[in-house]
Amino acid sequence: MSAVKKTIVVEQLKRAQMNELLVKGKRLDGRGLLDRRDLTVVTNVIEKAEGSARVTLGNTEVIAGVKVNMGTPFPDTPDKGLLVVSAEVLPLASPYAEPGPPDERTIELARVTDRGVRESGMIDVSKLVLVPGKHVYAVFVDVSILNVDGNLFDAVSAATVAAILSTRIPKYEVPAEGGAPVKTDQKMPLPVQTIPVAVTMAKIGEHLIVDPTSEEEAVMDTRITFVSDDRGNICAGQKGLPGSLTLDQVIFAARTAKLKGEEARLILKQGVGSV
Amino acid sequence: MGKAGGDSRSLINEQGLRIDGRKIDELRPVKIEVGILRNADGSAYIEFGKNKIMAAVYGPKEVHPKHSALPDKALLRCRYHMSPFSTEERKNPAPSRREIEISKVMREALEPALMLEDYPRTAIDVFVEVLQSDGGSRCAGISAASVALADAGINMRDLVAACAAGKVAGQVVVDVDDIEDKEGQADLPIAIMPSSNQVTLLQLDGQLNDEEFNKAFNFAVQGCKQVYQLQREALIGKYFGRSEVPEGGQ
Amino acid sequence: MSAVKKTIVVEQLKRAQMNELLVKGKRLDGRGLLDRRDLTVVTNVIEKAEGSARVTLGNTEVIAGVKVNMGTPFPDTPDKGLLVVSAEVLPLASPYAEPGPPDERTIELARVTDRGVRESGMIDVSKLVLVPGKHVYAVFVDVSILNVDGNLFDAVSAATVAAILSTRIPKYEVPAEGGAPVKTDQKMPLPVQTIPVAVTMAKIGEHLIVDPTSEEEAVMDTRITFVSDDRGNICAGQKGLPGSLTLDQVIFAARTAKLKGEEARLILKQGVGSV
Amino acid sequence: MGKAGGDSRSLINEQGLRIDGRKIDELRPVKIEVGILRNADGSAYIEFGKNKIMAAVYGPKEVHPKHSALPDKALLRCRYHMSPFSTEERKNPAPSRREIEISKVMREALEPALMLEDYPRTAIDVFVEVLQSDGGSRCAGISAASVALADAGINMRDLVAACAAGKVAGQVVVDVDDIEDKEGQADLPIAIMPSSNQVTLLQLDGQLNDEEFNKAFNFAVQGCKQVYQLQREALIGKYFGRSEVPEGGQ
Amino acid sequence: MGKAGGDSRSLINEQGLRIDGRKIDELRPVKIEVGILRNADGSAYIEFGKNKIMAAVYGPKEVHPKHSALPDKALLRCRYHMSPFSTEERKNPAPSRREIEISKVMREALEPALMLEDYPRTAIDVFVEVLQSDGGSRCAGISAASVALADAGINMRDLVAACAAGKVAGQVVVDVDDIEDKEGQADLPIAIMPSSNQVTLLQLDGQLNDEEFNKAFNFAVQGCKQVYQLQREALIGKYFGRSEVPEGGQ
Amino acid sequence: MSAVKKTIVVEQLKRAQMNELLVKGKRLDGRGLLDRRDLTVVTNVIEKAEGSARVTLGNTEVIAGVKVNMGTPFPDTPDKGLLVVSAEVLPLASPYAEPGPPDERTIELARVTDRGVRESGMIDVSKLVLVPGKHVYAVFVDVSILNVDGNLFDAVSAATVAAILSTRIPKYEVPAEGGAPVKTDQKMPLPVQTIPVAVTMAKIGEHLIVDPTSEEEAVMDTRITFVSDDRGNICAGQKGLPGSLTLDQVIFAARTAKLKGEEARLILKQGVGSV
């Protein structure tokens, strides 16, 4: 039996075992289907960055840093500051990660995280303008994944949000006589309006489970993420991987994401406040 | 999405009609042609509003390099690409991060409908080229790709039909076009396998409360079902119109 | 017998068969040696582009789009607008096309097309200047190959020329007080001076044939393209592929290109006018 | 280096103390942790002044592509990388020429201490990530990587300890920090195998006469030896602290 | 080409002499040296006007990766490259689209003269480096490469000699230099196998009517024949000058 | 016995043979351990470049060219001109060189050469400023390796230094009314303050030898380079390759580099003067 065939057989056995448990409402690590793993948040871990946060979600560990520059707005949004979210799975994070430019999965991860922050209106980018069309604050959030054990979407989202909450940017002022803005010694927080939280569910067989581990992701059929804000809105969503969901599962997932997002939002607030 | 600002009230007038005269639950005009490219094993062309999109399928075929072949099913590959002249401002032909993400979710939206297990150790390539883009190009591209896969004779469980719903001027509407996408408050593109009501694509940008989400999701599903009818008609038109009876699968 | 050897044998048989026909002045598809396949031209197929054309040459099918921006001229030609011609063989065009940056054949194709337009003086680039050295029109022609069945050079050239002829660009005006040019609602055609036409011939054995199909290209020894304008000049040329031509064949090819170019130019003019 | 200009006199005060209060032969505070990453076969975290650096080791493991495997020893690969948020100005995440050079000399500094001949036809990957950078990040990275290699159980002849010396305000000092590096006159990072006093890394930027070179070299060697003690303590802390006795080698 | 404008009348004076004093049918000074690089299997150096170009040949040699080898002949590869300091403005060392095109037509110009069928499953690499560029660098490069191939002992049907003709100040001239190329109206570089009068390279930029084309083509052919003499002399000079008789072929 | 194993055995034999000689103070080509090969320097070999030099070191041959533009200084050094040193091992230089972007060895080579020039203060970059923060001279040194026979570091360094010494740049002047500097017909040399010289040693067994050939490099354990100026300073250093040195060997190498550098500096000066 070839190594590949053996792998397929092993995977099928694992799926069967997991399904047996899920039918009973249990998971390999003892959690219930909708239980999240422990989430820890520590901010201001990188003093050189304007904001930063280290987040663990079970054994998944990520670090996010925020850097802020002066930038030029896009021509079609002269009255909005810039926000760029990037992610990298560091090669030290997993035996399967490889150095190099981000692959499609990491691009998806960064873009969904970016949309959660952007579409929720977390940062009021209209307040990041110094001279419309010319000088705006440019906020770069870079997230490095340090250890992979499933559910990067929620961990990266939480680190991004916590780093933004912890950010203190240098205040710039436009000289009275005009010209380029000048950095002052004053600091100010980013103009935050809401705290978006991503909640990801894996579908294994007919079960939806919250916050899958790597082991669970290895056998999941599909994955769905919803980001909700603190005003009762869903503001971003993404189904990933082959596989499909029933109409009811989509509605259930959206509702669950809002519910579970509330819990995580509290932890995020505490984590930021605790610094 | 331009939720934050934008005078979006004028997007729906007092008669409840949208900028292009559509009702809130009305699709843009759609035209689907099958088998339009000579060299491809299967192909389709779709016009969806101002979207003009070609899809082509090559395969099942040999995989290079060989070690990337899968032992138990076909390797499905997918490229969504916008022509440089397809957009308002010329688009750099190199694939953007957006195109890379869409290529991924498009592949994942099509795969559940394909019986890839019938073609182990082969590859099936799906190429979607947006010649002119309007709102909803990813949905139109998926719908065209699914027809092209059928035209290529790939064994399928169902077609995949895609359509978006959104929120514009405070109202939930189906099939968001370019202006509505830019000025509106939310866009919810989905794809389904209509026979089994299975959702294979779902993305969401923008803010929807519970009620709005449910309504928009339902609108999008209904939109998919209309697209499905047009897909079937196009396929029947090609095969039966020419008095050829298509074999099931290949 | 290995697959590769078999391929070689098959190719030799095909060459022999084709040569037999060519000696009789015939080709596999019934054409005479100097007959072009049907050429169709439809313009304004992409409303968002400033100009566009879809061209078929037998089963070869291409689409060209023109986009026009404001740009900065090259330092050594401050009084000339910019023209950039690019081409891509879309992966949907052929089982052998692959996604990715253009390979040497596609670069050659784009550059020869560009030279035909540029060296013929088709566009009077001195009329595309708004503020010398600062603001000029930049004309981008992008050609996508949709289906490959031989003679991409002539098809791409025809689509490029037809798209340029159909182009209506927004008129810009320089404000009286100076500064960057401002887009107006007026439209204007590009300042066209001539209509260049490319004619490509394949050499198979000792025969030169006009407008080869993919099948013919598979066995051709070499290829030669000449572009002529409507004032009796040859304005670009390119021999491609290993293989060689006699001195007489070169002279014959140049003469034939001018002759055959006349026919194609009529079709191009009609195609553009027909819209 | 800012030899040419820079008012560097204030970098050492009248009491002979440096800007952060250190003596000329004093290291910055150093903290080393072992085994901090779950997935890696070995890992370490180092704080060296304001440097915050993670090192991880994967291997020995299969080599892909196979033809790049070595028949008589393991293939050692190394990546030194700075996080985008690790520097004053955001750093582009693509590897710079500087990072490529440092990855090379880092690998060459580690290799002499490793018994790669014990692992023919395999690969050992060393990843060093600078989360926050200060002067001397390459030295801190090497020191952390060596601890991570020990944690991974790779057979070793010795640890590799690294430290720089330099010239600041006309004086030779050990362990140059960021400000001293920018304003100072020379930087001499080295790595040694402390048991055998073998030098495995040496670079020099800036001007030193014979006497200064000898003194700086000696300072750097002494710095390495102090780092070595901290490396050993960290490893002993992990294995003996938990009353586990590490096996020699793997 | 600067056909459109440019006061090009002064490029030929009243005596019919060109800017550098040449007659319309006169080549620039040409110097060819053979075997100038130690490591290469064959090499040549050419000065053609202000062009200074090196060509080197490696092979026949093993092909990597193996599957790109050809079963019935050698794989000929060719790189034409300009040094960053070879041009008026510093040239980016990455290959430009122009260099990629010239590499292709250069390879195709050389291949007809080579008996590649004598070396199945091997590769022959030709590297042409333009150290200083002037008009006609592709022709000079081909001529040098052909000599380098002979020096490497590759079996050949003939040498390949290259030369351009053009139209300057309304007149057809041979061997267009940099200024004439920029200010002139046409450039027609060709390469031939002189023994059989077979054309292996032809490109044309700029406008020529029938008569001019025929005349320019004839001028270029004559130019090639003069270059051919210089190529032969250089090869004879190397082999016979040292009283060694070269073996035919390898 | 596989080809790879055979290679290893051959290498071991070669090492043994070389070691035997080294013990007697001799090398394969008859040199003493600390003897450099013949160094030749010819400058102004590329008339189009502002400076150039062709250097041979035994059979190693390199060419360096200097181009000078107007440029914008780095924000943190507004009062300094720009200097960029790049290197390429041309594919014609060796059977092992490949076309493509520089690999880590070539990047190291260029960066160490750059540091030698930069850290020695060879060029007084503060004199290359026309308008602080805005307009400075940008000096590009590109070195192409033409033939590889060991010790590229010293050959590339010598060519770089000789090309810089031979450079005559166009003088620019800032118009009285301000604005971009204007090129004048006057030429001036670069503001040279010292002549740095790189000396590289290979360690084979316990022996340090100056200026290794390719044959010697194939068996060397490690490599060390020191660059010294003409004022008695060492100004750059680099140990390369796996392998190690004793503390004494480092001190010895530094001293030797200064001594041997003196000789080479004379040849460099003569080479430049000879033009």
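In this document, chain identifiers A, B, C, D, E and F correspond to the written order of the chains, with residue numbering beginning at 1 in each.
The rule is short, and it goes like this: contacts are C-beta pairs under 8 Å (C-beta built on N, C-alpha and C of every residue); 3 or more make two chains touch, one makes a residue touch a chain.
Since the structure is predicted, the reported quantities are computational estimates derived from the model, not experimental observations.
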Where chain E and chain F overlap in contact partners, by chain label: none
Maximum centroid distance from chain E, chain identifier (CA atoms): A
Most remote chain, CA-based centroid, reference being chain D: C
Between chain B and chain C, centroid-to-centroid distance (C-alpha), Å: 32
Chain B-chain F separation of Cα centroids, rounded to whole Å: 58
Euclidean distance of C-alpha centroids - chain A vs chain B, Å: 27
Chain centre separation (chain B, chain E; CA means) in Å: 52
Residues of chain D engaged with two or more neighbouring chains: none
Where chain F touches two or more other chains, by residue: none
Graph class of chain-chain contacts, one of line, ring, star, complete, other: ring
Traversal of the chain ring from chain B via chain C: B, C, E, F, D, A
Sites on chain F touched by chain D in the complex: 2, 4-5, 8, 104-105, 107-108, 110-111, 115, 119-121, 124-126, 222, 224, 226, 229, 232-247, 249-251, 254-255, 258
Contacting residues of chain E [partner chain C, same complex]: 1, 3-5, 71-72, 97-98, 100-101, 103-105, 107-108, 111-112, 188, 193, 197-210, 213-214, 217, 221
Complex contact set, residues of chain C against chain B: 45-49, 52, 59, 61, 63-67, 69, 86, 88, 90-95, 99, 101, 140, 142, 144, 146-149
Partner chain A, residues of chain D touching it in the complex: 37-40, 43, 50, 52, 54-56, 58, 61, 79, 81, 83-90, 93-95, 125, 127, 129, 131-133
